[in-house]
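Please find one structure pasted underneath; my questions will follow.
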Amino acid sequence: MTDQKLVSVQQVSNHKTPEDCWVVVDNQVWDVTDFLEEHPGGSTVILKYAGGDATRAYSEVHAPSVMKNNLDPQKFKGVLDQSTIDAEWTKPPPEENPAVMLEHEKPPLHTLINSHDFELVASKTASKKTWAFYSSAATDLITRDANKLCFDRTWFRPRVLRNVRDVDTTTNILGGRYKLPLFVSPAAMAKLIHPDGECAIARACERKGIMQGISNNSSYTMDELRTAAPTTSFFFQLYVNRDRAKSAALLRQCNQNPNIKAIFVTVDAAWPGKREADERVKADETLSVPMAPSKAQNDKKGGGLGRVMAGFIDPGLTWEDLKWVKQHTHKPVCLKGVMCADDALLAVRAGLDGILLSNHGGRNLDTSPPSIVTLLEIQRRCPEVFESLEVYVDSGIRRGTDVLKAVCLGATAVGMGRSMLFATNYGQEGVEHLVDIIQDELETAMRNIGITSLAEASPDLVHTGDIDHLVPASRSHPYARAIAKGRRPGSKL
Amino acid sequence: MTDQKLVSVQQVSNHKTPEDCWVVVDNQVWDVTDFLEEHPGGSTVILKYAGGDATRAYSEVHAPSVMKNNLDPQKFKGVLDQSTIDAEWTKPPPEENPAVMLEHEKPPLHTLINSHDFELVASKTASKKTWAFYSSAATDLITRDANKLCFDRTWFRPRVLRNVRDVDTTTNILGGRYKLPLFVSPAAMAKLIHPDGECAIARACERKGIMQGISNNSSYTMDELRTAAPTTSFFFQLYVNRDRAKSAALLRQCNQNPNIKAIFVTVDAAWPGKREADERVKADETLSVPMAPSKAQNDKKGGGLGRVMAGFIDPGLTWEDLKWVKQHTHKPVCLKGVMCADDALLAVRAGLDGILLSNHGGRNLDTSPPSIVTLLEIQRRCPEVFESLEVYVDSGIRRGTDVLKAVCLGATAVGMGRSMLFATNYGQEGVEHLVDIIQDELETAMRNIGITSLAEASPDLVHTGDIDHLVPASRSHPYARAIAKGRRPGSKL
Amino acid sequence: MTDQKLVSVQQVSNHKTPEDCWVVVDNQVWDVTDFLEEHPGGSTVILKYAGGDATRAYSEVHAPSVMKNNLDPQKFKGVLDQSTIDAEWTKPPPEENPAVMLEHEKPPLHTLINSHDFELVASKTASKKTWAFYSSAATDLITRDANKLCFDRTWFRPRVLRNVRDVDTTTNILGGRYKLPLFVSPAAMAKLIHPDGECAIARACERKGIMQGISNNSSYTMDELRTAAPTTSFFFQLYVNRDRAKSAALLRQCNQNPNIKAIFVTVDAAWPGKREADERVKADETLSVPMAPSKAQNDKKGGGLGRVMAGFIDPGLTWEDLKWVKQHTHKPVCLKGVMCADDALLAVRAGLDGILLSNHGGRNLDTSPPSIVTLLEIQRRCPEVFESLEVYVDSGIRRGTDVLKAVCLGATAVGMGRSMLFATNYGQEGVEHLVDIIQDELETAMRNIGITSLAEASPDLVHTGDIDHLVPASRSHPYARAIAKGRRPGSKL
Amino acid sequence: MTDQKLVSVQQVSNHKTPEDCWVVVDNQVWDVTDFLEEHPGGSTVILKYAGGDATRAYSEVHAPSVMKNNLDPQKFKGVLDQSTIDAEWTKPPPEENPAVMLEHEKPPLHTLINSHDFELVASKTASKKTWAFYSSAATDLITRDANKLCFDRTWFRPRVLRNVRDVDTTTNILGGRYKLPLFVSPAAMAKLIHPDGECAIARACERKGIMQGISNNSSYTMDELRTAAPTTSFFFQLYVNRDRAKSAALLRQCNQNPNIKAIFVTVDAAWPGKREADERVKADETLSVPMAPSKAQNDKKGGGLGRVMAGFIDPGLTWEDLKWVKQHTHKPVCLKGVMCADDALLAVRAGLDGILLSNHGGRNLDTSPPSIVTLLEIQRRCPEVFESLEVYVDSGIRRGTDVLKAVCLGATAVGMGRSMLFATNYGQEGVEHLVDIIQDELETAMRNIGITSLAEASPDLVHTGDIDHLVPASRSHPYARAIAKGRRPGSKL
């Protein structure tokens, strides 16, 4: 460093690539090419000043001594020749110029960093009708909001000093191996938000190695989806039709489609819920229907997209009908929509392969219990269920931490529905980005609670004291009998 | 479909009714008349494009293949003749043109889809005085708000896979059969919001098969109401007058009116509550009273409509007086306003026929317990009450789910007061619409928890862990004695 | 009524006083003079239309038949002579014309109907400094807000059908008889908000028969107050001075003043709290102090009025010093500021006459327990205290219901401080109005829970399940020993 | 006072200093020089009117008699000569003229009176990037907010009538004696907010006698800090490097630096958390990076400053590695980041000297438990820990009351990180001011709960009933086994 050679600004400017990078700090010229990789603050921040003067940025963070102490003296290239400074040199670096997001314009995908972002963008860029159909939930939205809130009120008990260098999120679901304990919950009509609809989702699932649930009301058929993504594993979500023949036909299609790994029979929508945002859009629309034949009017029960679509679903479905389903398929049969430990036990008795604890995203019956509460109810009242079938959870999953909490509490995997639809707003790439985000959040959470594989996930790693009062503890209500007795016709009058 | 006949836009336009409906999708002309009924998305959305081009709306939801796969090839009418396209054809369909609601104008009735909507409309369209009288509650509104909140914090435990095709909401109340476990709670002066007042309500109850409670302060007499709605069943809500002769006269009228099925003696208004919104309107008004005779002034205790009207009610009423009531009527006698399990037990002992758990909509004593809490207190401390008399609940019922929760927890029926007044804003039709809404919400909730008759409603179907801490468990406070002892005059000084 | 005499509008106009009042309804002229008193809706509303046409107001509330059914036929004076109608007659009655309240102008006293109103008016009309001094509380205001919230979360268990015609709020306090279980808590410097300061309060207390606590920092001396209100009973709030002689002098003055009934030694202000709103005003002010001698500056601990005034209070006060106090007075000695059941027990042992559970309105130590919580702690841990001395409560009392809850839970009486200062904004009349409001609220609450004297107030009439988790149950913390052991110097290093 | 000498306004004006101060009240001239010190309201308020007319200010607070009663008659100097009044005299005193704070301008330091103020000022005056880096926390900010909230929901149980004249906050930490149970938590890159960075903090700690934790990512080296503040005690916070040699080198530096009293190994950052505010700044920035070499881009996991900086931290660290650390230093070794009682026990077994309960300010894993909850968990499950090592707490400390609560519950000392960085906005003076504030708040709280030394701090002085449900009580979850069994590969399918 005794060689106080003068270096001109033009010379410095010639070294401005990652492969050959000089910077000036306090009029001293340094070659930092080899240091780029080592810089604790990352290489980007240095490369911003490659071939230029980094003094201001440097001194914001570092004491003057740091550079001299950390770099090899040979990297010192000399002193800046002040006489060579020109207008170009003194021009400040380009300002931070954050992209402006117009109200109805989608921001660049990489600026979306969590599932909430996707929801926010959809709320501003999807059509009013699409937004109402996707985002709406039953009546006062209590269950919709409680779904997430109960995850937020479940606390981790992180363990430290465990080797978490390599983390493995792979999961067995119904005998198959997937990259994540996450699947796309079946949700109707993804085409409303993107022309590729469920095909975009299928291709993203193929790339990311996760399972996709196909809605009975999918915009694309199961065969079209298989064509779009030939190696994706699917399960088919079945609404049993009042006309059994139609359901039988669907099951035949499933049987012939090797990518379909299981049938999920939806049972939490015996009757379509009252989704008021959805119905309000519809109520408005009728005002402008040009001709109004009586049979085309909204009936008094409201005419939201949700209710209209549900017309064919059989509200008379019972446990007996599951035998019929099992007769028409050789694939595993699961239930979607279990909300009570008693029904989990019945599902075991019915010989099913899995149950998806779900309240339909709060869309069907308001104040039905958050899924995590049902999971805890099963733990408390009949933990043997976990030994007999696989338990899945959806409704309210927004974060990798939510995924991990459900798995710790006994779930095999979780589903995300609405968020995936919102991500489909960006097509296949959007869904891939969302899956990447969840995977990163999940891996971060696993490491930070001290585990590296999901087999280690255990109830010991979470604390549910903040929601335990929401969990029913015993099967039968102590006063059910007295009330029933009082209700007996003629008991009094 | 080999017949690629050209069809002109004029030809297509001729088929634009539900009985004869063609649409164009991707330049292919289809006859969808027979498909209208089968369309899972309902017929309205297709009829919107009857005789026109539905390509855009179709492709928002469906994959290209759907139409071909689902329709009979014979329904294919040919290819659109592009040369025939004119300005009329390319005109977009009429835009959604939602009706604009002016601040003080009632929106069309069919756009109101829940009880909250009726309240909102009343707040904007009723007179300041009427709104204050109807909406106000005691002092800090804690009980008013807790009434609803406690229903919201009562969770369902829905059961699945039960046949819920046919649901029956009929209910026995005091020996009569009604279409719903719902009655109109007696509320004073319905004429303030509509000239037909209680008559409108009576006619709506007649149409809908539910019971109406007639307020002692009704705008119309019980005979006028009977004339208006000759087959409606009523109960009469009695404020026992300081002048017993006047009450005796009313009871005589009741006895002579066969539509009156019971007498409900109000006991939760021993003294009129302090309804501050109501009193503020009154306080303002006096400022502009043109002459101010001393005896007409508001007294210092405030002069809201509620307090002024309550002047004749006897605050000296006791259990003994109920004997007097029973001597003056042969009809069932119930109490309106029980707020403590101890009084429920006394009502049993007094040989009454029913008790209405009510805090007067939070209008009388702030921080009196929400009705659902009193219902739980009875369960916990004296469930035998349910075997001896009928228990009703009002205060805070806004949803069909609230009705169902009360019934599950032991109530025979529930009352709605304020909401019915707000619905009377639209006259008889408004009340009918509200009853329809509640019935739809109730049926939807019944199906979604897996029951088809109210006899199946049971405490096992709800979980109250979120409000159990609000329920008194034992009769006597452990330290009541020590405190009483300390209070004994002369115990210390 | 067969006499269809025509009556001119001029004739009607002549009967427009309470003593002679005609009104026109549906063109029929009635003399309603005798009915004024009987009208369930009060006389004011009729008198508004005296000598005029009441049709519109009448039909808003009543069915057409009501008048004919209720009035003596002789009161019918004839039919309005339509030909006599003139412009004056058809002029609408004066509109409601609510007084406009300017931001910094006090509204008429009668329009203030609760203690919150007084606070709101003071916030807009008192000087910035006064508002800051009165309203401020310690640091994050948690205790200030919890004081009221804990009352709000204490629920009544009202009993019905008890004769509550006559209600008696009189109370014994330290051997004296007062109209209410309410006293004015001693609060410093009432003159800041009204020139009459504590004198106005004293005169109001005299009129209303309640006790006043005189602050050690009162704007007026105890002798001046006695002169202002010769029959008011006072207690004197003593801050024991670092200079005992000064306190002894004050106690001598107390001994000589027969209106002083007791000495309340303040113990919850061992050190002045950090009232940030107060200190911010002070911090601002110093910016404009014209000369800044070093010793006059705010010290670093802030210089709010509260802290500056507290300079003379002895932080070295102990239970031993109470003996000194008792030696200097023959009057009952009480403690103001007990916040823990253990100290209540020590007060019994020290032979004191009463304890005022108080956290100084949350002004001294944030997150000190709400007074009602301390009251419950005494109940739970040492109910025998109630048999040995009188227990008072202040901090957070804003409503008559709060008063009643405290009395039900064992308090002999409660104090209101801040609210009384805010009422002093209107001088003596303001304080009287506030006391009337609280009395009305208290009587209303007593009647509505079914009691007529405070001797009947009992813990059985309230339920504290919503705040019981805030109440310490046992004396000694189970792990106190382990922690102390760990803290022993040298236990480890 | 019989000497009614006339005094001119000019004469009065000559006595306007603290050493010679006259004021006029009600036209009477008084020498109040000797009284300045005694004035309960402080001298400032009098000096404001020195040599002038104080009538208005006086009568706002005092009754007319007070002056005459309290001052020596000799201090009366005569009656104001009205004829001498001139324009200058009648000019009102300078108005309160609070300094206007511009949005991006730091207000004068003395107007900041609590830690929240420092945060607010930093949010408005620091660069966007700095604010994001300092203030951000993991994902939904639940833990960040719960940290403070749990302190707020921990209630004091203040004891009264204990001599609290002299209060002593000194504390032993790892054998050293400090003025406060408070240290500066190690936080990275203080230079971002002030050029003096950690040096400013070090000098402030030296002045105030508290310990400073040096971040592994400090802007200044430990030797530079020692030079800046030669008598400050430090501990060094170590992120163990993937390249152990680098960590060994740091430990050698620590060994040679006598001011370093201990090594704190960070264990709560096994993987960098997702701090979204931080990442959003970064995401924006990349938009304007002039050249974009592929290897310099933000990776998909986001590129916030926090994540980039964490690249060298070894996620493979285990309890075994602590032996390596202990081999490389002779100083006490503590853990920073324990979040579970089980790990506290392991720390005892590992022979460590202390554990800092910390969730990294909520920056690493959202819904990790608030530190105070972990402290309670240790109490409940393994109180013997307190006898074996020292327990510290950080994350969420904002008030002196928070410090005291932690100490009462067993902590030896607490750390403040973010707040100290925000105070560094004002350089050394800012940090000193913040420490003064915390000390004042702590002393005030100690006195007001009735203790004078931290050895008296005990769990008996707080009540945690409001957060006890958040505390895990037992080690092993009752259903962990059933769930694990169900998860066993092949258990079902």
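The first chain written gets the first letter, and so on, giving A, B, C and D; residue counts start at 1 in each chain.
As a convention for this text, a residue touches a chain if its C-beta (ideal position, glycine included) is under 8 Å from a C-beta of that chain, and two chains touch if they have at least 3 such contacts.
In this text the structure is predicted, and so the values were computed from the model without any measurement.
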From chain C, the most remote chain by mean C-alpha position: A
Centre-to-centre distance between chain D and chain B (centres being mean Cα positions), rounded to whole Å: 53
Whole-Å gap separating chain A and chain B, where each centre is the average of the chain's CA atoms: 38
Where chain D touches two or more other chains, by residue: none
Pairwise touch network: line, ring, star, complete, or other: ring
Parts of chain D lying in touch with chain A, wherever the complex brings them together: 128, 139-140, 142, 189, 191-192, 195, 197, 217, 219-221, 224, 267-274, 276, 279-280, 283-291, 293, 295-298, 300-303, 305, 308-309, 311-312, 314-319, 321-322, 335, 337-340, 342-343, 346, 364-369, 373, 469-472, 475-477, 479-480, 482-487, 489, 491-493
Partner chain D, residues of chain A touching it in the complex: 16-18, 40-45, 47-48, 50, 59-63, 65-66, 69, 93-99, 108, 110-111, 113-114, 152, 154-165, 172, 174-175, 332, 353, 379-380, 383-391, 399, 401, 405, 409-410, 412, 433, 436, 440-441, 443-445, 447-450, 455, 458-460, 463, 465-466, 468
